[in-house]
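Next come the structures, one after another.
The same subunit A turns up in both complexes below, where it pairs with subunit B and then with subunit C.
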Partner chain A sequence: MSLAPLVAVVSQVAPLVDPGALLATGGAVEGIQTAARVLAEGIGKGAVYFTIAVGLTLVFGLMGVLNFAHGAVAMVGAYLGGLVLVLVVGANTGTIATILVFFVALALVFAVTTAAGSAMEVALIRPIYDRTPTYQILLTFGVSLIIEEVARIVLTLRGIQPDPQWQAPMATAPDVLLGRTELLGIGVRRLYLFEVAIGAVVAVAVWAFLTKTLYGLYIRAGSEDTEMVQALGIDVRQAFTVVFGVGTGLAAVGGVLLMWDPIWGPSVLLSIDVLLYAFVVVIIGGLGSFTGTLVAAGIVGIADSVTTWLFTTGIVTFPGLSEVTIFLLLVVMLIIRPQGLYGVEEVGGH
Partner chain B sequence: MTTLELDGVHTYYGESHILQGLSLSVEEGEIVALVGRNGVGKTTTLRTALGLTPPREGTVWFDGTDVTGMEPHEIAARGMGWVPEERRVFSHLTVAENLRVAAHSAADPDARIAEAYELFPALDRFADKEAGDLSGGQQQMLAIARGMVGDNDLLLVDEPSEGLAPQIVEDVVEALRAASADTTMVLVEQNFRLAMDLADRFYLVDHGVVVEAGETAGVTSEDERIRRYLTA
Partner chain C sequence: MIVGFLLYPLVYEALLATPAAPFAEAFLPAITFMVVVLYMGLFAMSFDFVSGYTGYLSFGHAAFFGTGAYFVVLAANGQVPGVPGGTPFMITLLLGATLAGLLALVIGSVSFRLTGVYFAMITLGFAQVIYELIRSWGYVSTNPTEGATVSGDALAIGVPYVDALSLDVGRLTGESVENLLGLGIDLSATVVSYYALGVVVVGCYFAMQRIIHSPFGRVMIAIRENEERARAVGYPTYRFKLAAFAISGFFGAIAGGIFAAYSRSVAPDGTFYFLVTADALITTIVGGFGTLAGPIYGTLFNQGLEDVLSTESGGIATLLREGLPPSVLEADLFGVSLELFVNTAVDGRAPLYLGIIFVLFVLFVPNGILGTLRDRLGGTVGKRLPYHLRRYRR
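And now, the complex of A and B:
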């Protein structure tokens, strides 16, 4: 057997490996502080991934609909949240007031997009429930394209460059969220702590809705067997409308959360980026599983953080490899456990 | 008073014509058995009554109201319960949660669930256990209890003995007898003797129509009018 192909690959990869960096960072890999910092940042990223993915999993869990417009709604959420911040926050606005405005924006965006999502379910999704999932995918993908193009038109008309990023709302982020803070001897980005706090609130709120309310009980039952739930006298269509609305609202909340994040920020490209990451999380966790989404978001967040560190400051300097690793995780999961960590073999459907 | 009446119903799955003008009626307080070979339309009859597979022709009357074309949840909310084939309990919900979902329409859900636990003590013991972790017999008990807690006037029970050990089947039969004390019942059952033991009347279904009907007393599968429809 010839080794020529292997030699060729090694010779291509070799320039990417910096021996100096390898030696310099070798100690850091073993350093508890570095590991803890990378882990903490991973949890922060996980909180963001959970927030952008949980709406998608709720909608699929009950309705069996893969909403390809999920990312576009997150993008709209980022811009709407940014708009509120830009309109209200000025140079003299204090830190607490700015954060309060952020939460007001969050609530407003959630309310508006939840209503819009419910209307979309009634007007567009409901008429095609009886058709194959391909129709739902094509329809939501079409809606996504329309939202993106409308966003481009509005941004162009308003003179706001959609690419690479609309900087204005990011500029409204209060100083208290910028930089790092010492936490148990680790320097952690304050914005990640803020995102973890919001992610935790979203997780607890969704968990409480699903487990502590009668409506949540219907949704959990419906995600297992929609027909049986109907046969017990529950109006599943109404539940579909509510869940699609809440799922859309949660996507937009994720968008508002990304608004201040320098890695993401408001951008039309957010539409596809959010959708890809949300899909990775819900597929790894198991389509339709709340717990799976929570666990998978943590795994993806930590994997992202570790590989980002590894491929930007570590052994191999190639930032794009971090994303490759995450999608590799997705591929591996699809091969070894297609239903995901917590998924059942058949969910949704009606 | 007639609780359920199907009048000349024709039901299809796609282009497959399953029920071909089937008619039957069930009086209040009765247990009526639907018997016949596999694939003759017994389960489809139950699904048609509940609106899950609506008829293209014919009429379904429930408690004196024409429910043809109504949504399944509307028919169920009027008091028609369903214990489906293969149980179909919500496997990731606890026993208590399964009953809570079903009891939502009851005037006093807690009281109805307490009655179900009284009737099925095993369910009370496993109230906090996920339904998917129960044995087949326990799941069947749960499915029956779920059909009972909703203040239903009529219970449609599909193949309750399927896949169960003989000892468990006896428990299920007792459960159904208890359930029938205050609920009219339509029973689809492959086990002919069991069906005749439980029911007051029967309908023998073949190729989507009723071919024989009558009282169950004294009827056996050896009767010529029955045997020719039960054997392949």
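And now, the complex of A and C:
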């Protein structure tokens, strides 16, 4: 007897059934289905984590600068992207048009923040490369404070509450993305598919930038041995500026992606949240490692979705489970393997 | 410095009675802000004790502040096993601080295997884990995300079990003293709390200063300057770092404890959160990284700025609103009236200006106020100032 009809029936029912009840029935098929759904959600979340973390690792890999303004830039990205969508998308804008506008906003925000990031590198970070890494952390942290406060002032002046999420751009998300879609017999939220798609585009773009362009070559060489690269006659300072700009731009792209996600959404609090999660991903993957960030984002995403599932089904009644697990992952990784999954041992020490 | 802090409330009160009152109110920090200077200053000092002197950035320092604060509140409510409800505050304060010291030993024992950015990150990770746990731990109160409150009597600083030698603290619950020593000076509850907290802070300052100037402190500085050499000379640097971290956690918890006694309520966001550490970090940098008294000046600067910019005790926004003619206030500024601009861009916006000042300090004054002053004078202010003054007198 084939299982196919049974799978079809269950997959029809699955979105309606409470996951806890699903587990209580205890069937093997339901178990596999739940596991697959949790896994799929984990990959969706992982895509988000990857997008918000990849810029941070890029900058650290070449320059050894841990950019504390990363989260603030992501927050600005979410608001700028939201602004574009709110201005352009009306009540009768079609789905395709809305998604097109989303990509235009993504490109615009990337361009603007990349330019701003490069300017910041030249004006503020360049003068202090010769000091200890502590000062770069302090400086970028100060910049993050300023960005956050300016955002608060601008928002308040425009009559938008900075603290709860800004609902207007979140409402522009097309209805198509809010539903679920049947994929291999499980109902997956389309928003997660969308996020995975964007995450994949970003990953491929960054990978191509690293391996196919001249700057990518400089970066990979520079993260191995900056002095040697300089000795070969390459202007590392210019590469630093470009990389810092791109890293900042990627942070903002992550912010734009968060704009439609009901878990995040544009708010000033995004600044610290993005920063902390990006840290976790980057450290677990290994500071400066692109592959590491990709793998770590997947691990953190799946850990997040599994723990969220454990809580929503009532198996674990501790509400902070998912956050605690994610930060514990960071701590455990630093204890057993400080350089991260793919990191190089010398990077990031004194 | 201590004399300045001692006389400040009296001077402030006296100034409020003079014609200069609006300006004094606008530009001098109110006593409520000065109390914040005391406990946040002590916390920043404890942060500087380990970060500034051994060079290891303790990014999870809020964990110790929070431990001290929560322990005091829970003990006052009789929720700590083994500590009966009526235990004097000074004893619970020390117990909480000891607990934080032990916590620092645990965190430090794994964290000090790492250096640089990794050390900062692992301590941050630990603090965030504790923060998330406390936020959702139902034992603390019915609504743990909002924190806990002291339900009983006011907490007293002083000699335990001797009523005449202890003072209740708190803005509303504290003791007020009338006609002090027959001098005709009345002290409000806030001012009494200010002095009581001040005694603790000064005690902690001298204790830490003693440690810094001891051979132990010398080794801490040696670790900051060149850890490998310190190890090569024969010092077990790991143990020294661990001990320094525990001491720092102890004093950080004392800061948290006196904060809890004064405010009578603790919330996870105001104690365990990353931004509490960030506050200490900023004030330490502005005041002088690696100078023990520097963080107090940094906090004074920070709170002074906050007071000037907030309207709670008549800051600059109030002054502008009352002092400027209405035509100026309604003037158009990019489609926004000046009054609205003042309300949003000045009122309570201290972090913005502090952030700008902080960035400028990192770029141009990396040694902070006190550090730069000492560099200029060629020694500590107390030792070198008389010499310089004498030179000018000639």
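FYI, the second predicted complex is superposed on the first by the 316 of 350 C-alpha atoms of A that agree within 3 Å, B and C clash if a C-alpha of one lies under 4 Å from a C-alpha of the other, contacts with A are read in each partner's own complex, and residues count from 1 in each chain.
Going forward, a contact is a pair of C-beta atoms (placed from the backbone, for glycine too) under 8 Å apart; a residue touches a chain by one contact, two chains touch by 3 or more.
Predicted model only: the values in this text are computed from it and were never measured.
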{"item": "Partners on subunit A (subunit B, subunit C) - clash or fit", "value": "fit"}
{"item": "Which superposed partner A:Pro127 touches (first subunit B, second subunit C, both, neither)", "value": "second"}
{"item": "Contacts of A:Ala119 with subunit B and subunit C, given as first, second, both or neither", "value": "neither"}
{"item": "Which superposed partner A:Val316 touches (first subunit B, second subunit C, both, neither)", "value": "neither"}
{"item": "Partner chain in contact with A:Leu269 - subunit B first, subunit C second, else both or neither", "value": "neither"}
{"item": "Contacts of A:Tyr135 with subunit B and subunit C, given as first, second, both or neither", "value": "second"}
{"item": "Subunit B versus subunit C as contact partner of A:Leu214, first or second or both or neither", "value": "first"}
{"item": "Partner chain in contact with A:Glu227 - subunit B first, subunit C second, else both or neither", "value": "first"}
{"item": "Which partner reaches more residues of subunit A (counting touched residues only), subunit B or subunit C", "value": "C"}
{"item": "Subunit B versus subunit C as contact partner of A:Leu341, first or second or both or neither", "value": "neither"}
{"item": "Nearest Cα pair across subunit B and subunit C, whole Å", "value": "14"}
{"item": "List of subunit C residues in touch with subunit A within their complex", "value": "55, 57, 110, 113-118, 120-122, 124-126, 128-129, 132-133, 135-136, 227, 274-275, 278, 281-282, 285, 336, 340-341, 344-345, 349, 351-352, 354-356, 358-359, 362-363, 366"}
{"item": "Residues on subunit A engaged by subunit C in the complex (per definition of touch)", "value": "66, 124, 127-128, 131, 133-135, 137-139, 141-143, 145-146, 148-150, 152-153, 156-157, 272, 276, 279-280, 283, 287, 318-320, 323-324, 327-328, 330-331, 334-335, 338, 348-350"}
{"item": "Residue ranges of subunit A in contact with subunit B within the complex", "value": "214, 217-218, 220-221, 224-225, 227-237, 344"}
{"item": "Complex contact set, residues of subunit B against subunit A", "value": "50, 52, 71-73, 76-77, 82, 84, 88, 90-93, 97-98, 100-102, 104-105, 146, 150"}
